[in-house]
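Order as written gives the chain letters A, B and C; numbering starts at 1 within each chain.
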Amino acid sequence: MILNETPVRTSKNFNSNNIELKNFEVPQENNGFLNRNIYINSEKKIMIVAESQEDSERLNDLYEDNKVLVTEITKSDFKLKYGVGQENNPNQFIRVLAKEGATGVAINLEFTFDEENTNLQDAIEIYAEKDTDLDVTISYVPNEEFGEYSYHNGVIKLTALENANVNITVVNLLNNSSDNLISFENKLLDNAKLNYTIIDFGGKNSITNYYTDLFGKNSDNRVNSIYLGNNNQLFDLNYIAHCHGEKSNINIEVQGALKDEAIKHFKGTIDFKKGCKKAVGNENENCLLLSDKAKSLALPMLLCSEEDVEGNHSSSSGKAGQKELFYLMSRGLTEKDAMKLLVRAKFNTILEGITKNDVKELVSNAIDSKL
Amino acid sequence: MSKELLKVKDLHISAEDNTEILKGIDLTINKGEIHVIMGPNGSGKTTTANAIFNNPAYIDKKGQVIFDGEDITNLKTDEIARKGIFMSFQLPEEIPGISVSNFLKVAKGKITGKPIKIFEFKDELKKNMEELSIDPEYADRSLNVGFSGGEKKKNEILQMLTLNPKLAILDETDSGLDVDAIRTVSKGIEMFKNDENAVLIITHNTKILHSLKVDKVHILVDGKIVAEGDRDLANVIEQIGYSDYKS
Amino acid sequence: MAKTQIEDINRNIYDFKKEDNYDYKIKKGLTKEIVEEISKQKNDPDWMREIRLHALEVYNELELPTWGPDLSELNMDDIATYVRPKSKLNSSWDDVPEDIKDTFDRLGIPEAEKESLAGVGAQYDSEVVYHSMKEELKKQGVIYTDMETAVREYPDLVKSHFMKCVPVNDHKFVALHAAVWSGGSFVYVPKGVKVDVPLQSYFRLNSPESGQFEHTLIIVEEGASLHFIEGCSAPKYNKVNLHAGCVELYVGDNAHLRYSTIENWSKNMLNLNTKKALCGKNSEMEWVSGSFGSKISMLYPMSILNGEGARTEFTGISFAGKGQNLDNGFKVIHNAPNTKSVINAKSISKHGGKCTYRSLVRITENAPKSKSSVSCESLMLDDISVSDTIPTNDIRTDEVEFSHEAKIGKISDKAIFYLMSRGISEEDAKAMIVRGFAYPISKELPVEYAVEMNNLINLELEGAIG
């Protein structure tokens, strides 16, 4: 299967236009996924899960002034511009709707994989109306000691209207025999602000497509992402941002480390569309190579059709600094511990962005066990 | 000939987001004088200098700037420079690929309107660099690129000496400098100063003033001049700060 | 502030046309008969004719690239691949026919030869019309001649290197080149010989609806050094011309080669050129590249660092104006330990022109302790132009230092204000900043013969402003 096509192609010989997964098959069995927990915190603690489209409409009418609605939606709402989610056949639909003016809303979605729940194809839509303030954490985590194959193909769509302020954390800690496919698609209007934190640790193959449209003036999207690969994990990250609005701002920060024979492909595209005057785009990608068999491929693209913009990207790969290692070892740390500390230091600022403490701890433990 | 060199009348200015930064500045500087503007951060000191230079980054300019008897309020920045005003920047821009010496040669040609005699120019530049303890190699380096904070400031003073304006505005030229560098900058100002020109120093502290004969001190708070006096006022401010003037 | 007006390069010096006054022009198109006819016209030895015919087969099999600029306007049926000028190969300018000599006079070639070059080759359409080198270099065993002579006189050297660095099946236009190649230069610098003064070959395409397919083969033996300059230009016609040259460079152990190119084809040219260098132990390969002309350019010189400690440096600038799509860049393969690459690429887009920087840095498993640093800057001079940066960085081992930085933007308003506060007008300030932007590259370009270009990217500011 060929996935994650870049918006602009380059020479075929560079092997960076897409990812071809060999011996990859979408599991035939799709028995549904029951291990789902939704927690909501908001001024009015109301949560609605509808069984059908009509049901959801009825409930929407009923609770018109509710601050938060969680409703089921249908596949037809999930047309993606890019992404690996076209392949998915959802067995979970969730819509989070923050009504105009809702603030202090915190939502936590947990999907737990175990023997009974191995195939998750979720479609999540987050709709933040004007002047809302929303914090969403979504985690995909296997049950302890569950080491079997699981399949995840998720789609998370976000629409942020004027002045919405949205904070989303997505955590993938699937086991290394699984496949993780996930597509993000965002649409930001004037002054909307979106902070995305993506923790991408799990899966034999972890394929991410992140696509964001900055339509609004002063719209602002920060993506902080970390990946950590060991064994023969493959990460393919395709991040695309289109700046349309004046003074729109995109900041992509991807930090990662690769052990053993892990492979990472990072493809980042910032596309300054005509008219996005005074837009600023930054893209920074750094890969720490912890083994001579690990491989890091990066394609950090800047596309520009507007004069009055500022675009920067930087990308680097290499070993951990020998000076830092030496310094730490001179304080009695073993090389392994010193290395762990350096990787952790690299991830720390991004981990700080996780608002839920239990999730932060989960991620922190995962770093330890992977290293 | 009148002694009056610069007259600023009721100068107002706003930033791009429409906030008014200068709320009516009046200032008169005569030939032969050294003036000082002091004020807390954000009071409009740098804006005053930029407004005199008609920086296009500001909007809603009102009031009048008269220089040497001529209204320069709406002249373009380069025209103002050619009339004989110089500004030492707080944060001088780095311009890759243009050497200090070539840049100054072009600028001097523009300002004097005469062809530059290369050898004379080079000798003078060399002499001034020595006086300011600037490594002669810097003449061939790209303008301000990779210069330390102190080197940038000294380079501004070098430009002032080379271009020899009638009025030099020094915007926080002393900030972030060590004692030796401040001494060098003061020395540059002394070398420059004569009865026919004038200096306007914008500063936070009085160290740079010690060796200079200051004629007038203006205190700028929140876009307005709230007090004026002789150099003793600067000493008072150094002791007690601006709190008395804040509303 | 008003928009910057950076003038086009004054092309008068390049745009004069001479009458299409050839001795022989092959009929348009690309068939086996045509390739055989070219081979016959050129008196190829059998082995060369076989390479050509094989390459034609490869050409027919290969697809057009699926990426980069749109090449659909190229129709090989409209292109004459071989045009022999009315001149034999000469070693004195006096023997070159008047209208051809006049062309090179206007380009300043004989003048530059006298002043600053150790040898010159000049190609007019498909054949080299002049070749000469200083006596002392001949005595040291240096060979500098046209490719046809090399095929005849040094068949072993040519046979063992021709299309070996760049394989025929590399891409479609390499195959095309190998099928119909004509002209170009051959340089051989024996072991230990240092050629201090540059050699220069100049390629002029005069004939409309034709192509130029010169082949440059340079062998710099162990410990030897050379600076080679390549210049090219053509007058403008309404229909497309095609340039599909091929440059193969062999840099021996401890050898040094600097290859400078000033490409100033006319704006109806499709420049689909291939350049590659194989670099031995501790060798040094420097590329300096200025890309100004062409309607479409796809040009990615490549260094393959096969010897331990080999180094390569690429310094390049592209300047795209109205109607131009310059898709340029660099490729490097680190294939041995301790190898090093430094890439410094800049581009300027204006009047709706498009610049793309496209590159590959690959550090293989065989290249521990290698270093690579890439810096890439693009300047946009208006909001109708386009500037894209598409770099691929492929790092396959851990003990490396790799960094890549790219910037895109316009001329800073603050920098303009700073210069204006020193009495320099807005227009001059902008021009000054653009020249400064290009300076790190322009100072590396051989400018002796490119007087007009000198006006655009002037190293020094004196006199050029105002």
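By our rule, a contact is a pair of C-beta atoms (placed from the backbone, for glycine too) under 8 Å apart; a residue touches a chain by one contact, two chains touch by 3 or more.
These figures come from a predicted structure and were not determined experimentally.
Counting only chains that touch, the fewest steps needed to get from subunit A to subunit B is 2. Of the two interfaces, A-C and B-C, the higher number of touching C-beta pairs belongs to A-C. Central chain assignment: C. Criterion: smallest distance from chain C-alpha mean to the mean of all protein C-alpha atoms.
Compared with subunit C, the chain whose C-alpha mean position is the greatest distance off is B. Averaged C-alpha coordinates put the centre of subunit A at 51 Å from the centre of subunit B.
Separating the CA-averaged centres of subunit A and subunit C is a span of 43 Å. Averaging C-alpha coordinates per chain places the centre of subunit B 49 Å away from that of subunit C. For subunit A, residues touching at least two other chains: there are none. Note for the complex: subunit A touches subunit C at residues 8-17, 272, 274, 277, 287, 289-319. Against subunit B, the residues of subunit C that register as touching in their complex are 1, 412-415, 417-426, 428-429, 432-433, 435-440, 460-462, 465-466. In the complex of the two chains, the subunit C residues touching subunit A come out as 65-68, 358, 360, 365, 368, 378, 380-383, 385-410. Residue ranges of subunit B in contact with subunit C, taken from their complex: 53, 55-57, 76-78, 80-82, 86-87, 89, 92-98, 102-103, 105-107, 109-111, 142-143, 159, 163.
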